[in-house]
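What follows is a pair of complexes built around chain A, which joins chain B in one and chain C in the other.
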Partner chain A sequence: MSIQIIINGLAVGSVYALIATGFSLIFNILKFSNFSHGALMTLSAFIGYFFAVKTGSSLIPVIIVSMLAGGLVAYIGEFVAFRKITLRSTSPVYYFVSSITLGTLYEGIVTIWVGPNFYNYPRFFQSMVVNIGGFVISKPDLIMFISSCLALALLVIFIQKTRLGRALRSVSFDRDTAGLMGINVFGIIQLAFFISGALAGLSGVFLGINYTLYPQLGNLVVKGFIASVIGGLGSIFGAVVGAILLGLTETLLINFVGSGYAPVFSFLIMLAFLLIRPQGIAGSNVQEKA
Partner chain B sequence: MLKVTNLSAAYGHIQALKDVSIEAEKGQIVSIIGSNGAGKSTLLRCISSQVKPTSGTIEFLGKPIPDKPHKVVEAGIVHVPEGRRTFSGLTVEDNLLVGGYLLKGKELYENLEKNYNLFPKLRERKSQYAGTLSGGEQQMLAIARGLMAKPKLILLDEPSLGLAPIIVNQVFNLIEQIRDSGVTVLLVEQNARKALSICDKAYVLENGRITLSGTGCELLNSDKVKKAYLGG
Partner chain C sequence: MQFYISILTFTLISVIAVTGIYVLTGLTGMFSLGQAAFMAIGAYVSGFLVVKAGVPFVLAAIIAVVISVIVGYIVGLPTVRLRRDYISLVTLGFGEAITALLNQTQSITGGALGFSGIPKITTLPLALISAIVCIVLVSYLKNSKYGRQCIAARSDELAAKAMGINVPRIKMTAFLIAVAVTSYAGVLYAFFTTYVDPGIFGWKKSAEWVIMVFFGGVNSLTGSIFGTIILTALPEVLRFAADYRTVFYAVLVLLIINFKPTGLFGEYELSVGNLLRRLSGKKEERSNA
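Right after this comes the complex of A and B.
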């Protein structure tokens, strides 16, 4: 087994972790699965793509543009699609319907805009490999892994250590009581959507680099979903561990049994978790509403 | 300081408050007693803008209260809700820091220190999850969390509920201490004897209406109160 496969697995896993945490943030705060997350990844990845093509810019600005775009679209999406539901606290089924509709809308916009074709990001690197201590390692993999870890570390510090992060956690636990502490609850919900959207943008660009860009790229959100089930829905820590495990297993399986079977195994792993340990690795006991 | 005038509130068709008027002056403890479902919590929720009244006005320091709960806190009113509602998955310290959300930097940590001195037990437990505290400790945490915002007026909803007698005494001592530190207290209680004995003024709420009011002493000696709330 080569070190290259492991690095690739870690890189893929860390991108899944970005997807899963973006997903978990919203799940935690409003207690629903945001099915528009995948389509938002595609949309913001394409915005980054066209920015790259038009300006010929390097990777970092493209990432920033995609993250800002994802954050902004998610922020608007919250207002348009979810605000009324949250205010009325009616049946959570509406969140489900609304997020699927919103996702379909994003995907529709992308398809109209770019057609059903496949696109490739410009080559951001001169050389595609780096040589570290005699090991030949793919540069995109390494960059993906490092930047994902960096983003996740920043997110954890933000949530655990800052004033707004504490507010975010308290709103996730008990929205009404958080309001009694002087916290502007909707401001915090908007912040969560912005961060979640920015994570969608980051993961979208990385998926686009790793595979190719096409309107259904967002379907890979299912990997983030599996990761958060494995990790325990709602737990960010669990989602990260679940995602890395999933990325590694998948990559190893692709190398040993072929890419056709790998997705089958992903779902088997998820099913096994649902049967044996439905609360996931971290065992958070959040009840899903929709 | 607080002036509630002809307040009515409803949940759908259920009329919870009818024409309620109460007043609290700076530095007082004002108690509201009443049986289950009388509308006590609803009154507090109106004051903290969680429930919109159907009619009537609420003024604080001469101004109408803001229309969003978080703005009410900015105005200087903190509501410690019924049933403690501590953030179970946050540590004790994080609960307190969230309580002081509106304070910045140095002031926040100074106030944290002050509250740890007032509640030494919470300092011992500061890295423990709030959900693992005992009921009495959670009540102390809920009150301390409320004080973290440095309120001018604190609304306490049944702080002695479900606590052992010795802890109940501690809670009432604490309420007097809070008053002595200059914070006005609006206290909702089912433990009428205790609530009346520490308060400056009290109101009896029945079926959404104020039926009686007076000083704590007056109400303790009222036959009606004795019969209905003091067990004969």
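Right after this comes the complex of A and C.
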């Protein structure tokens, strides 16, 4: 019973970690909160859904299609909504408005496309549970957990060990200097958006499998935001830890009082964290530049 | 006729809410994505007091606004000292929490079905007078010492601190003013529609208000109000394109942000003796940049 809850919490937490990481990537590189992330999750999850229905394929191709779609849409979104602001380097407030508007646009497109209805992913597995060492574990939970860990591990290796990853870090640190060092700054920004979008696609599919698929699914992005606030804005490590923590606490609390109150709890957890440790778990409090 | 009066009243209620957003976003540069939740608190608390407890309307409205401000203080407390991103994220979480709470406490609020049976008290004149009072107060605020401090804090927080401005307090005050005004708009809304449900107070509503402010011009109260009137009334009149409304909105705003980031009105304020003011307005613009 309790093991079941913990595994469920870990699975939910790992999906939150995917959301929070995608959000943190953009926060790191352009220093703003990307509010279009949630709607992008929905959009790419729907693309994956229709791909699954049309071709009847298994889970892996659906995930790949969703990730590619999410990445591409984010890539285009950067060009449409953020490029001019970055070039002009005016007040960061415009990023806010642009990202909110872009999110509204994605959601509007999804609503026109699919209507306000609920959709269910086809069942990808014959049996919904696996039996490991006497514990009955739900299969989607297990797959969610494993693939999230895999994706996050790949991302960390990419950021820490490769040339492009190093370029990404240097652009996050100081865009102008990185540009002077011969790094293609906009190429790197586009890459960050592509990765972030791909993560949105992955988390969108998992959320769609775990809950149902509907145009407002993206509202679950709030969990990712809360996780990154708990972890410390802009820190990928912090975001992952915060997300797992949030997933576990939430699952435990839901078990006692019911799922309807989950947003209230996550909000209270965040508020408590901000009062006690405003810089977050990782402690990297990015200061607003004067 | 009734139809147009109702649109006009809704527009005026939006204008009231947006004057609050203007103080928060336009003057102080903060973004709240949970502002609609304060509207919900105003609507539900006043509605509950009048319907279930028999409190007179005016008293209920005052109590509702006071409660919203207290809640706003708790929400704002940990965030005003931090980077501005935090207030957006925290208010976003707050909005979701309030929506969940309203959905869950079915015995009091009617849950997802909504809270009905509120008497119809808000009329067009009441909304109009309230809107005018709010606009006058906010335009007075903009030109006051406090307003200038807000603008200083928005333009450069560090420099404002160095000049001896208590930035966290300025931010908190702006947030609470916005909360009070928005929850008052919520009261008017509840007593106009006679029915409220949690669905309409999501973060999309708050985001819409921010978009309206930016559409008209984030530095201009006139522009913000003008933007609100256009973006609220036009889609209501053009009902046939209801589905495409949000997409139309979004594309329009993206175009404005990309090509005219100061919004339709820029810094321009409509007022008597405008020529004289424009001179000082120009100076203000230079100090903002």
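As a working rule, the second predicted complex is superposed on the first by the 286 of 290 C-alpha atoms of A that agree within 3 Å, B and C clash if a C-alpha of one lies under 4 Å from a C-alpha of the other, contacts with A are read in each partner's own complex, and residues count from 1 in each chain.
Please note the rule applied: a residue touches a chain if its C-beta (ideal position, glycine included) is under 8 Å from a C-beta of that chain, and two chains touch if they have at least 3 such contacts.
Since this is a predicted model, take the numbers as computed values, not measurements.
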So, A:85: does it touch chain B (first), chain C (second), both, or neither? second
Superposed model, chain A: greater residue contact from chain B or chain C: C
Please indicate which partner A:184 is in contact with in the superposed arrangement: first for chain B, second for chain C, both, or neither. first
Which partner does A:174 reach: the first (chain B), the second (chain C), both, or neither? first
Mind working out whether A:245 is in touch with chain B, chain C, both or neither, as first, second, both or neither? neither
Who does A:275 touch here: chain B (first), chain C (second), both, or neither? second
Applying the touch criterion given at the start, work out whether A:233 contacts chain B, chain C, both or neither, answering first, second, both or neither. second
Under the stated touch criterion, which partner chain does A:207 make contact with: chain B (first), chain C (second), both, or neither? neither
May I ask you to decide whether A:7 touches chain B, chain C, both, or neither, giving the answer as first, second, both or neither? neither
Note: overlapping chain A surface for chain B and chain C spans none
In the complex, the residues of chain A that touch chain B are 163, 166-167, 169-170, 173-174, 176-185
Please output the residues of chain B touching chain A within their complex, sorted ascending. 48, 50, 68-70, 73-74, 78-81, 85, 87-90, 94, 97-99, 101-102, 145, 149
Could you please specify the touching residues of chain C with respect to chain A in the complex? 25, 29, 31, 33, 74-75, 77-79, 81-86, 88-90, 92-94, 96-97, 99-101, 103-104, 156-159, 202-204, 207-208, 210-211, 214, 218, 243-247, 249-251, 253-254, 257-258, 261
Help me check something: in the complex, which residues belonging to chain A touch chain C? 27, 32-33, 35, 80-81, 84-85, 88, 90-91, 93-94, 96-98, 100-105, 107-109, 111-112, 219, 222, 225-226, 229, 233, 258, 260-264, 266-268, 270-271, 274-275, 278, 285-288, 290
